[in-house]
């Protein structure tokens, strides 16, 4: 399967601002790209690229005063298969986890693991460890939280989601990630493209989406507490501890979003 | 100057627990060590060592049920000079910061940068940028927050410190770090040994201490909103985004601290 | 001046629910009413009326399953004069306050006075006490917080408003009320009708509004950190410690708001 | 049974401060008093008495600069019977509650009912309504929260207790009160004398204690999530929405507590 990917984002800036964008496909998918994946700006500005401490490809530049458009378009090969499911994937005891996984057990801004120890144990302590337990977390979050774009806010943390029970993609994943970490299961936040392939087309315009990854057995696996079903055509862009690490764009000053559109669809 | 360093920590565990300890001197000080710096346990257990994503040397092991003692002792060469002060060190505009510094501008568990943007600007937006501004942050935190061991609690964040105005070392630094990041100045949390050299001896027993580092001009500089004066004989152990990243010991299960003592003094 | 007042609210209920409505004009304005002020329901249900501990007239009833419409319409005499301004109104030292004012110095759900002691003192401790100080609080809140309907959320407290700097009417008043109480000035939350008389007509449809009252000299005075200018034609409905006490409707079960309209205009 | 009651409290004040004390026995127990119950001060200052909006007897005065001692001693008749238990006491549907009970269903500073709706329903929605359900709340809080004086802090709310699981008397009751209100059961915070009659004497010195009251059937009943067993010799002093309403002493300025002792014991 071939997927067409693209985005078009317009900001208005009252003054020049340094920006960082995580708008590239994740390095783990570079070999699947059929077309170079380049972040373009209008007006054209000098753009630098680097890998952050999580291994994401980042783009940084200084946006001049006025309007700046970020856009990109590429094509990528995809297996066309849904997210893998493996009910026999085991939880790895902390002492056997690779060292580089340990940071995915710790607190982060939107994942207050330290405040969920008792709650997570009460809800999921009795569930069969491994894939079943992570799936139980997803089922719980999916059934308890109601989706709505009007519930988005930048400072909302897992504890807010747990008490308010309303949110957007990111909020579902933050709560699930926090529950997993509180159970000593490494979990990280993920963002990327997610289209409508194989599902009923949602009435709202396409958007980037968030999901999360969990380390079981010997690798990371994709989970999605928002949709809670295996999906076809996810294209990973970035992973990190939570949304703070992998914002699509981070502006170190005032930047007003004016327009935003995303494309992700199968090439016929 | 030669410093003698050591610690002795006793835990009681109702069941075996995986633990991670950041009890080694920081790799940047390895060349100053006069005696090997080894984390020892009683009973002796298998210990692994690794560098985390911040470059700290970490020790991991499985502590068996019952009592476990962690201890270590070493000696290190030190310049004997107080923390450097450089009033001409400049703030680096975000666009000119090395990429690896950008993560020290972001949110973390105990540093809610996203909730301090306006507050930091109101308090320090008008202060001369650079060393003066960071020192103004330290002066403010130092004068506004009252120290007391009884005010420690594991979940306390910068916003809690800002509203409660009481805390321990870690709380002073979290608030100062958050203010700096909200001003687009890279800042990170630091822990290590800090003795009484050159200051009036405090009545309370010695402890590990926390301070913070700020990136100005072309390097990291030591600041300490708790003591707020240049000190002699700091020995860095670890740096990270906040206390969550650099806990001296992190236990993935129940571990009750029974005894704790630290030595850091000049060798005559 | 004669004001025409009215509202029309439609709820949909999946099951019968007990409701309390604060939809009447405040008892202090009863003598100004030209037309009886009655809360009507469709379908007609049995309605009880009582005064709560703040002296507000409340209506309670059991709403049956399905749709229920609450509506009312009345006319009231008004002086037609703007909110009184009295720069010489003094702050009353706590020891001289009437006892019944003391509760308006305490904490409430959305007004965390205990977390604002230091902040309020730093911002307003040096301002001339009395009317000037309360006006300084209003000026500050008005200039620092940006209005937007999309920023409303039921759990938002004064501390949230202080850090986020976005909100609706209620949020402006909660922050101002909290600052006043932290300065030992009795302050209470107020709701009522507020039309467009004497001001540029806002593009958005009319709504009920929130403001607040402060006890200075020997009486309560109206302040409004949202609009921050004396207004003509406010008609008070209820006062309380914060929005939790004076919600227009409180449902003890699920009630989905379907339609909502308010009328308040001068009778020609 | 006759109980001897008394307290002795010493404050040091850097400047004169207005204070309110809730140190009297509750008006509902006036008829049981054998000795006048008077709040005395050293030095003697002018003291006023009033009833607050909850019906508590309050004392207010201006404490001069320096040391001030508050003390009182009285004797009271008591049934000598433990707190009544009535497993058949019914929950009253909101629509049948007396109007004056409705405020005990609402939010208050330390009882964020709005953030516990889902949590309370998940934990206790399936429990038999009435006494059983309130007892289930007490059992849960009692078993999940660990007591310790070092966990006290003035700003701690029910949500903090729910996530931290450590606290003092007041914290246990705040969490239980919040759960009850979220279940539409009127609940209020209570403070008073509680001695060691009929129980193993605790090693710590006697103190005032907190418990809570719940409205079931046709009256208020005593519950205590901290001790969670019927006790002999409670003497009520005050009730309110939460600890903010019924602080033993509220100081409108700096007042440092120097000494504190309480007596409550059976007269032989």
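To keep things simple, chains are lettered A, B, C and D as they appear, and every chain counts its residues starting from 1.
In the analysis below, a contact is a pair of C-beta atoms (placed from the backbone, for glycine too) under 8 Å apart; a residue touches a chain by one contact, two chains touch by 3 or more.
On a predicted model such as this, the values are computed, not experimentally measured, just so you know.
Peer 1: Quick one: compare the interface residues of subunit A with those of subunit B and tell me same or different, with half as the dividing line.
Peer 2: same
Peer 1: Report which interface contains more C-beta contacts, comparing B-C against C-D.
Peer 2: Between B-C and C-D, the larger count of C-beta pairs in contact belongs to C-D.
Peer 1: Relative to subunit C, which chain has the most distant C-alpha mean position?
Peer 2: Computed centres place B farthest from subunit C.
Peer 1: Once you find the CA centre of subunit B and the CA centre of subunit D, what distance in Å lies between them?
Peer 2: Subunit B and subunit D have C-alpha centres separated by 41 Å.
Peer 1: Could you put a whole-Å number on the gap between the CA centroids of subunit C and subunit D?
Peer 2: Their C-alpha centroids are separated by 30 Å.
Peer 1: Rounded to the nearest whole Å, what is the centre-to-centre distance of subunit B and subunit C, using the mean of the C-alpha atoms as each centre?
Peer 2: Roughly 47 Å, centre to centre.
Peer 1: Could you say which residues in subunit A touch two or more other chains, in rising order?
Peer 2: Only 112, 115, 155, 163-164 qualify.
Peer 1: In the complex, go through subunit B and note every residue touching subunit C.
Peer 2: Contact set of subunit B toward subunit C: 112, 115-116, 118-119, 144, 159, 162-165.
Peer 1: Would you pull the subunit D residues touching subunit C in the complex into a rising list?
Peer 2: These residues of subunit D touch subunit C: 18, 20, 48, 50, 52-53, 58, 60-62, 93-95, 99-100, 102-103, 105-112, 114-115, 154-155, 184, 244-245, 250, 252.
Peer 1: Show me the residue ranges of subunit A that touch subunit C in the complex, using the header's touch definition.
Peer 2: Listed in rising order, the residues are 150-151, 153, 155, 163-164.
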